[in-house]
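Below is one structure. I have some questions about it.
Each chain gets a letter, A, B and C, in the order it is written, and its residues are counted from 1.
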Amino acid sequence: MRAVARIVAEADGRGGTRLAVLRGESPLLPRRTGGSSGAGVTVHLVGGAAGPLRGDDLRVEVTVGAGAHLTVRSVAAQLALPGRAGLPPSRLVVHAEVAGELRWLPEPLIAAAGCDHHARTHVEVAEGGTLLWREDLVCGRHAEPTGTVSLSTTIRYAGATLYRHELAVAPDTGSPAVLGRYRALGTLVAAPALPATVLPATFRTTSSAAIMPLAGQGFLATAVGEDIREVRAALDPMCGAAEGAPGGAPQARDGFLAVGDGSHRVHAPAKPFAEREIAT
Amino acid sequence: MSLATLLVLADGRLPAGGHAHSGGLEAQVSAGRVRDLDDVAAFLRGKLATSGLVAAAFAAAACRRPGRWAELDGGLDARTPSPALRKASRAQGRALLRAGRAMWALPPIGREPHQPTALGVLAHAAGLGPEEAAVAAAHGTTTGAASAAVRLLALDPYAVHALLARLAPACDRIAGEAARHADDAVNDLPAAGAPLLDIGAEHHATWEVRLFAS
Amino acid sequence: MHPDHATPAGGAWPRPSENYVPHAHGPDEPPHTHPDPGVDPHQALAAGPRALRVGIGGPVGSGKTALVAALCRALGEELRLAVVTNDIYTTEDADFLLRNGVLPAERIRAVETGCCPHTAIRDDISANLDAVEDLEATLGPLDLVLVESGGDNLTATFSKGLIDRQIFVVDVAGGDKVPRKGGPGVTAADLLVINKTDLAPLVGADLAVMDRDAKERRGELPTVFLSLVEDRAATPVAEWIRILVGVRGPAG
């Protein structure tokens, strides 16, 4: 399945933000959610079906104009599944151009056993722009080995590469240099700085979570955990709790929205992945 | 290319500051994630596939075109989110330059470049090629941590060297892959990250008592 | 041993480049380059007169840090002074100096040694050289840099690439056999300090025996007896350093 979603947020000239483009196709359906709280708008990606599956080729394009404030979330975890053997790996490309403020705070990617998923992220933040970029990964559903995932992230600020990171996870490759026995990983990149309200004075670097000032203008917070709850406990407070925790939209609690044609999907879960199921 | 010159460059006794660094091992030993030889093996394999590959690719690229050192250094900055690891890398780069200047005539390079950049520039000055720079870098990411493992866990040094011998083919493979990128644009060079190395390095830097600098 | 060892008043100190020996290339040598024969590989340090660097080594607990503190007290007013410590695992020695207020923090650098102080002062001196270089870069010209080794064994001595003179500190509590046992520290240090003489009666150490053995091992090289609890300014050692600095002239 190929799908492209496109979100363009612009300043509306009255101190607010309007969505000039909000377009998608199953399984990538962006929906504006909530009222416009303050100057910003929030968009949720509502997964049209379980997935991605092998053979899927998905692309999300986000543009945030100067003076616009956009928050992007998703209603449920992305569950990468094996799909039909012989098909190429599933791909998700996210490309963002940010001159205003973008807060990208989706639910985790879950690498189900047997999946083969490649995610590529490229974010260009113009000088003066602001970015909060969250990526969480859970290696395998409850009590199953992880699938194969490769993540590649490039975040540039003011024309220079600020953060360049790749991560490859595959069954039987646990190394105490990389993820060890941890099944959940969360990263949060903030550019050019952690929001002043957000840096918790109480944050303590431990052997499983750290906040790191990058060489350029920005920060990385990384946390690993036995399950996603530990990662959330470390990173959520930095993602602006005021506006609700990731996945805080009401829809997220009630299962996948029946949007588009998900009929060919295998294993489409009746309800989204509850944290309980992901845990340990 | 002189093989003996490569051995001089890759020798663990090169006075280039490496002995004070555990390559991230001390943090993982203390966190209880590395306790025995098998754990050390898994640690080294993971390190080789991530920071080892990155170091080898950047060493190869710097060897191919030493004039690109500043751009490559920026690429390593973007791949090294942990300030503690950036500091350790630059301290070792500076120490390596000091040793290199005594051995060969080096082209211009900053005062405190990242270690892989310095290694590549030294390899170039020594008349070596990108493959050799890459293999020296990959080898160096394993040997430093391995000798720290002997000290931190009181492991049998023969068993640890047997492990290094088993890892040699992986080192060669990683170096080969790295060298194929020698001409890539900096953004396209490998960027394999290792979250536990980053977090461990940051945590380690907060300790009051530690045996190694990183 | 320093080439100018017998004539410490020699003024100009030899630089590695002066020992450069031109050589012929053999037929089987691969093509290679040389550093400019006129250029000292440690150029950043050797350019112009630089601080006198004195290494202070010796076994664990013999009183090295106490001696550094005493020297800072004695010389801190009259000389531009900085200290580099090499601890086994912590910044304990540096912290001690800070706590005791003998020197402001910016004049003290702690080098981490990866369990091996003797490696950091002898086999791979890069981190120490960087520390000295950084001190000189931030503080401007210095007259004296004291480099304290982490406590180690009797064979641990400083590389000549790092220091100009070295002091080896042993204590009487280790027994009066220490000078007899010898080792490079005892036999070759430019100054041997036998510390904690106040404890000699308590541990039954015979200072005359130590003096005799030290002379035997060290020939003309000086040895001083010291009790840092009684002489908090380490007078004989401070005097020895004063002369060395005086001979050398002020740093650029």
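Things worth noting here:
Keep in mind that, in the parts below, a contact is a pair of C-beta atoms (placed from the backbone, for glycine too) under 8 Å apart; a residue touches a chain by one contact, two chains touch by 3 or more.
These numbers come from a predicted model, not from an experiment.
Shared contact partners of subunit A and subunit C, listed by label: B. When C-beta pairs in contact are tallied for every pair of chains, the largest tally goes to A-B. On a Cα centroid basis, the chain most remote from subunit C in this structure is A.
Here the spacing of subunit A and subunit C, counted between their Cα centres, is 56 Å. Subunit A and subunit B have CA centres that are 31 Å apart. Shown for subunit B are the residues that touch two or more other chains, of which there are none.
Residues 2, 5, 13, 15-22, 91, 94-95, 98-99, 101-105, 125-127, 148, 151, 208-213 of subunit B touch subunit C in their complex.
Per the touch definition, subunit A reaches subunit B in the complex via residues 152, 154, 160-168, 173-182, 185, 187, 205-210, 212-216, 220, 222-224. Those residues of subunit B that touch subunit A in the shared complex are 24, 27-28, 30-31, 33-34, 39, 42-47, 49-51, 74-75, 77-83, 86, 186-187, 190-200, 202-203, 206. Interface of subunit C with subunit B (complex): residues 30-36, 41-43, 88-91, 111-116, 119-120, 123-127, 129-130.
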